[in-house]
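Take a look at the structures listed below.
Below, chain A partners chain B and then partners chain C, in two separate complexes.
Up next is the complex of A and B:
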């Protein structure tokens, strides 16, 4: 008599084939030098997956973190979870349609993505934009910048475990979305700029709400910033974390507030002026420390400068048309144009090639968040896992722009 | 347009330039051979009267016949954007020297160009796909990669038909575009 055999996990016929491991298979085939270095684990090291759906990754960023105990040894960001192929879509849309295609890239500050596109098309077509339209563009874009920085303030604090600041910053941001909603008809993806101007003139609701908001925003901002700037836990966690020096920042092609926090006064609005920025009076705040706290404080300084610009725009707003007269079907001469705008996150540039038809032949979109995310593997080694959040939040990436 | 800058470029780069220095609006454009990229960039970056310290953009372009890599640089010595086109990269052997020795930040931009065009940047130590999965079989921004028929049509109806989903087997990339891109 034989005993019945019971299924055993050691039975080779029951083993799950390893070649069909899931998408989170931790160790892929190393294809490059960097991957071979990253996946060679030393004694005591292990790989940890963060994201892509983690609340502190600001979207769908996935990071493979190599840790030794609580310390991060190396880090490899994995992108593409939000990739929509916007550049290919732009090649198959006509020049007016492109504006709505680029809108959702930096979805927190979509007026700047529109501005980048229309600025390069205007260069291709040699269009002169009416002065009133330029002032309206500056006015609405600076409002958008304040909204974006306010959200950053809240998010940064939220990632560090503080719940209150995001409620305060959303009070401001909500009002700005309402104001821009009155102007553009949309609250998030505005689709407001047009080639040669903007979609509509200033209206009464916009002006009255803006005037009301401008009269009280200064005091409210001071109160909201005091909440964080004087918070010892926040300041001590952010200070000295993720330091970038001037040379590294330039070598890594960093731009915007992250570069200015490292002491380089590079701002496209002054370095390569566009629109009516040369006529406006504002400062470029810089800081020398280059850490997460400096990047945070610098953005708060920029909010004050943006409010100065908004104030000047309202006082100097000229009369006239808000859009140049252009045919509905645009066929620029064959040629190339490059334009860059200073978005809240840095240099946002567009390179467009025309072949004489009504659709761009090639539309290249350069998003600052994409470049800034390269800093994370550079800054992380040696820090603790909770500091990943401080560094990623401090660089302020928007995954819509990173993944395109 | 910065005329003095044009003369300075011609003087400094000399034989590296392919064709004339072109200027339009706020952009100055030069063309170079792909093999000259490291040397030209090194000159532009290090030369004390040029000082192009900032790389603003790196883009791949498919002209339908060959590939280009287009760099945009910024310097405080000129009010213009400097555009450098590494021209005439063959489709069969799309190899360009990497720029990561000078700007480490170009690494991901080159990965993106590799992902979208299949351009191989020699010297980039992490050249793999960045947006698309590793087993993705083609390079979507090439002109011979066709979108499906039901993509949004141009309201200019009839100006140029959409790229077809299934091109005839004998069609090459250039026939899908009637006109050539700007020169």
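Up next is the complex of A and C:
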């Protein structure tokens, strides 16, 4: 009796021969037609490996770049260095524990991943969330959005070679981190939202820090953005690089600021409203150019809108409980629920299937960073090596969410 | 034997020191006197016969001695200034206010493993840092730091300087090619392309100055700018200065034109595979280069060692130390002791909490500070080159500061924008500058 053998990727008989002209590399083994085409080097072409250990790849993104001189001919992103199997982990945790499992997905803006999970569970359980809890959720999430966009500003500048903006924007982000730390007890992975509410009411330290910060954030933001917005070198490097037109954006399922920078005013907060966003007054900024500069400027506009939302939340904050009364162990009815939230990077959605037990039967997480990373090979050919960094930084992927 | 040991043990610590030091010094002095008496006459004869060699060696030594610490100072300055611009504190652990940080960097480079990766072309890989470093140091030899303080006053000094600047690119190419690394190769090719593009506007931008001066000797160019700050070349060649400064930034591989070591794109460029002191040489050469470029800017456009205005209260000291004769001995032997005691007296009298020894120590330190101050003041008044060196360093550091600020302020330009800027804007502007200068000079000369 022979044990059945599964086809292995290392099986040499499966390899497709490639024409290879590189002097540096060992001859790679191609598994697919796309790989065969990618690894067949023409005269003058060179394969350059960027990442996963490289000064300017965000997290652990690895890109194999085929270059001709300084020009990028083709690009192959390699993913999976941060894969944790989050969806499977969620299926083996009960509904409360899922919140801390999805936290590190978008580790820059983890309140939104919590919100996605919590929102879908609430739909599954038919829970009514107290209004004060909803306002606190909006308030803390928008603070987190500002922090995420400030980090984007710094990274964008750092990938372009400017070393000062990241420290200026980090000063801002640090203050928000302290504020959220006072509210949630954590500074990065907050684990703050609960099914049916939030974990703990607003406290004195949070309010005093927030009020202090709100009084001077405008001037600080102007100073930080002033470093880049009128910088001729920065504008010239970002303008016209990585243009996503409207049709491509819609075809490639782009969402969030990257979609709005291409001229589509689609925002989940307005298109499919959740929480108390219908009651709040804010604009959806859009830009028509669709290039890296537009994506940068649009995020800076969004920061201003977020500050408006925070201001309104503080003024309209109702009294009442911050959490619905729920049993310790949740057993929702068998069924399925879908939720989508507008994360700083775009549409973050969660689809959960329940079989009536205390654990999700299946949990599917759609992360915007993964979708946006698909655009990189489309946008890259024809650009130069330095533009690689501008395009990747401009799309703002988070590898925690990409690799899940 | 026990008597001697017992006597020795009863002595206080200062007495022990004195008892050892005085006989040692006497013996050493005697040996030195005899040696000098035997060696000096032939040495003096030899030196007198080769005055040029002496001048060269002396000036070269002084320049190296001035410049090597300069690199350390620039590294510290860069760390600290960029930190302040970044809302940080910067180095503050090693030495007072972190001033020994660059020294610590130096020791770090020395103590790290000097790693040679597999597959490199070992001789070229080893020689490349030397080539880069030597090319940078050799450019220093023609820069006049003060009246008379120039290692070689070549009549083609400017040409020599740019030739040496071009030579460092050979070192970068060697490093990039021998490293057997794609990032290094791309960095080296960028260095070559950038050097070819920017050497031309750099050289052409100073042609205006050469036309005005009628010579390529940097010494003469500085001497012709003597007078007030209105006589400096910057007023006659503003466009030339602008082109020169931009091109020099590219030549020194400084942000925003540091394509060769763009760490966000090609990790560290040509230096990717280097570690330890070999990397230290690249690092060091870069900072010496910043200083050299700043010094050349000052020499060409900002009057070199000339003071921007004359000191309105002339001070004359007609003290010749040699005329004192035996009085000099008295001065050296007695004045320090008297000065120390005199300066210690107020502390000893005014506070009962200061012991005699402490008061004497304070007096000694104070006297030394005063003596050094007086000596420097005397040198400042008596020797032209001290004043010149001071002004030269001051002006050079202004430009070093500008370089450092630029690094903290600007993002990096793209590689094609860099080339396009050189060929489309700098080169035509440099040619225009030459054209206008030539017409102006001929108009002035002919009527």
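In this text, the second predicted complex is superposed on the first by the 375 of 404 C-alpha atoms of A that agree within 3 Å, B and C clash if a C-alpha of one lies under 4 Å from a C-alpha of the other, contacts with A are read in each partner's own complex, and residues count from 1 in each chain.
Convention: contacts are C-beta pairs under 8 Å (C-beta built on N, C-alpha and C of every residue); 3 or more make two chains touch, one makes a residue touch a chain.
Remember, it's a predicted structure, so these values are computed and weren't measured experimentally.
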Clash or fit, chain B versus chain C on superposed chain A: fit
Touched partner set for A:298, first chain B, second chain C, both or neither: neither
First (chain B), second (chain C), both or neither touched by A:32: first
First (chain B), second (chain C), both or neither touched by A:171: second
Contacts of A:70 with chain B and chain C, given as first, second, both or neither: second
Dominant contact partner of chain A by residue count, chain C or chain B: B
Partner chain(s) touched by A:352 [first = chain B, second = chain C, both, neither]: neither
First, second, both or neither for A:386, with chain B first and chain C second: second
Touched partner set for A:160, first chain B, second chain C, both or neither: second
Distance in angstrom between the closest Cα atoms of chain C and chain B, superposition on A: 25
Chain B and chain C footprints on chain A, overlapping residues: none
Chain B contact footprint on chain A (complex, rising order): 28, 31-35, 79-80, 83, 85, 87-89, 91-94, 96-97, 123, 250-255, 266, 271-272, 328-329, 331, 333-338, 340, 347, 349, 351, 353-359, 361-362, 364, 366, 370-371, 373-374, 403-404
Touching residues on chain B, where the partner in the complex is chain A: 24-27, 29, 53-57, 59, 61-62, 70, 72, 74, 76, 79, 81, 83, 102-109, 112, 116, 125-128, 130-134, 140-141, 145, 147, 151-152, 154-156, 159-160, 162-163, 177, 179-183
Complex contacts: residues of chain C adjacent to chain A: 82, 85-88, 180, 182-183, 186, 190, 255-256, 258, 262-267, 407-417
Chain C contact footprint on chain A (complex, rising order): 24, 46, 48-49, 54-56, 70, 157-164, 167-168, 171, 228, 231, 233-234, 236-237, 384-389
